[in-house]
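Okay, structure first, notes after.
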Amino acid sequence: MATTVTVWNEYVHEREHEAVADLYPDGIHGAIADALGDAGFETQTATLDDEEHGLTEEVLDETDVLTWWGHAAHDEVEEHVAERVKQHVLDGMGLLVLHSAHLSKPFRKLMGTSCGLKWREAAETERLWVTNPAHPIADGIDDYFEVPEAEMYGEHFDVPEPDSLVFTSWFEGGEVFRSGCCYHRGQGRVFYFRPGHETYPVYHQEEVQHVLANACEWATQEDGSGVVRGNHDPIEDLDTSDDRTVH
Amino acid sequence: MATTVTVWNEYVHEREHEAVADLYPDGIHGAIADALGDAGFETQTATLDDEEHGLTEEVLDETDVLTWWGHAAHDEVEEHVAERVKQHVLDGMGLLVLHSAHLSKPFRKLMGTSCGLKWREAAETERLWVTNPAHPIADGIDDYFEVPEAEMYGEHFDVPEPDSLVFTSWFEGGEVFRSGCCYHRGQGRVFYFRPGHETYPVYHQEEVQHVLANACEWATQEDGSGVVRGNHDPIEDLDTSDDRTVH
Amino acid sequence: MATTVTVWNEYVHEREHEAVADLYPDGIHGAIADALGDAGFETQTATLDDEEHGLTEEVLDETDVLTWWGHAAHDEVEEHVAERVKQHVLDGMGLLVLHSAHLSKPFRKLMGTSCGLKWREAAETERLWVTNPAHPIADGIDDYFEVPEAEMYGEHFDVPEPDSLVFTSWFEGGEVFRSGCCYHRGQGRVFYFRPGHETYPVYHQEEVQHVLANACEWATQEDGSGVVRGNHDPIEDLDTSDDRTVH
Amino acid sequence: MATTVTVWNEYVHEREHEAVADLYPDGIHGAIADALGDAGFETQTATLDDEEHGLTEEVLDETDVLTWWGHAAHDEVEEHVAERVKQHVLDGMGLLVLHSAHLSKPFRKLMGTSCGLKWREAAETERLWVTNPAHPIADGIDDYFEVPEAEMYGEHFDVPEPDSLVFTSWFEGGEVFRSGCCYHRGQGRVFYFRPGHETYPVYHQEEVQHVLANACEWATQEDGSGVVRGNHDPIEDLDTSDDRTVH
């Protein structure tokens, strides 16, 4: 059965700035969905202005992996939708958090940290080095690849130490950044991927598209493992007559 | 300079149930503060009924490590106080999360997961095995120790994979649990420690007190590392004339 | 292209003890290869008595995942073959290390620790709890499964903290064990899986076979990431005229 | 009780090259021992030419932390001494592995990987960024520090993913490197620290000395946790009459 990827975008810059619209005429979501479609995924898109931001229970139930791009309008994402996304991740949905979505509500809720970082817009060279060549998200990537014009993100990046660190970036201006970070959360898998900026053609770059496709494949949960929580009878023979409870 | 530990307790069961008061006549916080005081820490206590729950900016500024016990009244902890605690952890304060505080607001905020688990009250045997004997929190502990009467907590425990797993519990009724979990979050250190229950004398047990003291020592940040975030000029020579920004 | 799994077995107990031969008439390797073949993998077997233990460069070049079972004859594995296996793992071959192979030469070389543990043969109940339900190796497994008759392995298990801990075992006699441990090493993936004993029918059990199949799928590297090491010219403009070298 | 640090150096370059001797008139070991002595540690030194390389059982028994510098003579370290060092680490001794000691026998044995990397000698700028500001090894360090003249080491660095990644380096020529890597192995703690080169005055730099002192403190095991391995009677009541063993 095909993997269904829902590509979410706040879709603000593209409608307000001609330069962004020129780069991404169908929106950043359109560019990402096209690339993932070409890679063999079933894709659909959703944006901030859609009812429930396009992320109803029904849509998320049918989503294997959600990709999230946001920047100017993090605060406009409704609390209950952000919580719903988080819950679906804990229940097994994959989540790809892209570039400036480091400050998005779902990511911050799932990480538990500020997710802050250093930044600078100077169209500088970024070089992403593979720091875990055994990881499937690095599959088919050389020992590094370059983004010729990038916004700089620098350490300290306030996230939990990743369960696996797949990419580490070098920036022309002198900084480094943990650019490809994998997390397991509940039954779900989360991948933060740094490249991607509204005023540079990053999502049209082949290596970036290749990593996004690898990450969608990695983040797709099949059946998952059964999870049981709550009050629980003993499996072994056990005297359960203790009555000191104050519950 | 002495380490200052602030011992927080919701302090509900002890005032409502004679059996609990008999076990902990000075409250669970009193028992923990006594033990940590004997181990050489400066201690102070704070409870739910105190103004701002006893956790003002001033108190937290002077706190090296905060220990947290709660069970019946998680929802009564005010949102802004829980956020303040979280922020102080990210800024370098240590946090020990004890037993049923797995569902406390500060811990859930910092973990980003549901923190749910299996549970059962049957006064059964728990055996805590050291799974990382190189970790300072296990210092002076044999290869295992027992809690003769314990509430069972079982997997799946919905927390991020710990940065280090110091203890793993065996339960008489058939379950296992990751009972001693270390996390780095921002500049702070967090330790979840499972043992401790209102109707069993767990906090009077020598090994439990020993682990708490080890954990306070581990969680104490000295100067910390300098953290800089936000917009940042390049360190290297760099042409910063790019004006395509939509910021 | 189909995944090729090479199933290695020292194949000693089955030829020396009728009770073992009755359980595993085609050898432990035969039972495992049958199960993996039924799950859709291309399989081949190799044993200690084969020339080069059946693990020539040619065989390993064609192997996506190697499974290893040994117990009585670890020392009879030739050093250069153990090194060859290790090198192929670092170059991207998957490795499944089964039960008593915790003391095998390839695993000890790859872990760098003693890989020692506690043990007891008493045909006791083992219950494997899923501690990472987001991991693909747990896919399709309930929150736990039981091995009715197991040799006990207990902590402290002297291995590096796993990159992911998928299963944790409970034993009837009172111990716990980290039973499903994932490691990335070089470009390869290693999974240690505890169940499996020569005198109990563990490899005929459905859940065990299911986990082995999941693990083979997880451990299969596709193209891998390009790895470059050694002396390296600068990518950026750099004055390389420094001549203070003593190389 | 004071922490005893044994500073080991192959001590080859300093005796063969005047330029190195000028930088390190008492040897690299002398410079490191002086710095650690100033920081309050008891220090002693040992070199390749000493009997048993100065690392007898007696010396290692009294050593809390061993620091290791080697480059030209890794192969001259006797196998049994390298094994002895490894065993002492597994038994609780701390180990600091410095710069070109990434290819030393004790480190390669403990990591289980090739420990290879990219390198270049061009006296270029290195900038070490703190990627875990919560870790005690980063205590008192700003968000980064620079080594003005450094040999470049670049990814992929073939080591296991560190238990904590404290520093990540930026190099002028375009590469990044995981420069401060913590590992728990057995009961011991290992820290790999990249800076330090025979033809540059790196070990006279204040920040480098500060990190070395922090790392010695971190790596010092006090009592340690009791470790028991081998055949083991059940703790719980258990029928141990099973006689199907082939042991």
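Each chain carries a letter (A, B, C and D) given by its place in the written order, and its residues are counted from 1.
Rule of thumb we're sticking to: a contact is a pair of C-beta atoms (placed from the backbone, for glycine too) under 8 Å apart; a residue touches a chain by one contact, two chains touch by 3 or more.
Just so it is clear, the model here is predicted, and its values are computed rather than measured.
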{"item": "Equivalent-chain rotation between chain C and chain B, CA atoms, steps of 5 degrees", "value": "180"}
{"item": "Taking each chain's C-alpha mean as its centre, the one farthest from chain A", "value": "D"}
{"item": "Cα-centroid distance, chain A relative to chain D, in whole angstrom", "value": "36"}
{"item": "For chain A paired with chain C, centre-to-centre distance based on mean C-alpha positions, whole Å", "value": "31"}
{"item": "Numbers and ranges of chain C residues touching at least 2 other chains", "value": "127, 130, 132-133, 143, 154, 156, 161, 163-164, 172, 174-175, 184-186, 227-228, 235-236"}
{"item": "Chain A residues within the chain B interface of the complex", "value": "13, 16-17, 19-20, 72, 86, 90, 109-114, 116-124, 149, 152, 154, 156, 158, 160-161, 163, 172-175, 183-186, 198-200, 227-236, 238-240, 242, 244-247"}
{"item": "Footprint of chain A on chain D - complex, ascending", "value": "127, 129-133, 143-144, 154-157, 161, 164-165, 168-171, 174-176, 178"}
{"item": "Residues of chain D touching chain B in the complex", "value": "92, 127, 130, 132-136, 138-143, 163-164, 172, 184-189, 221-228, 235-236"}
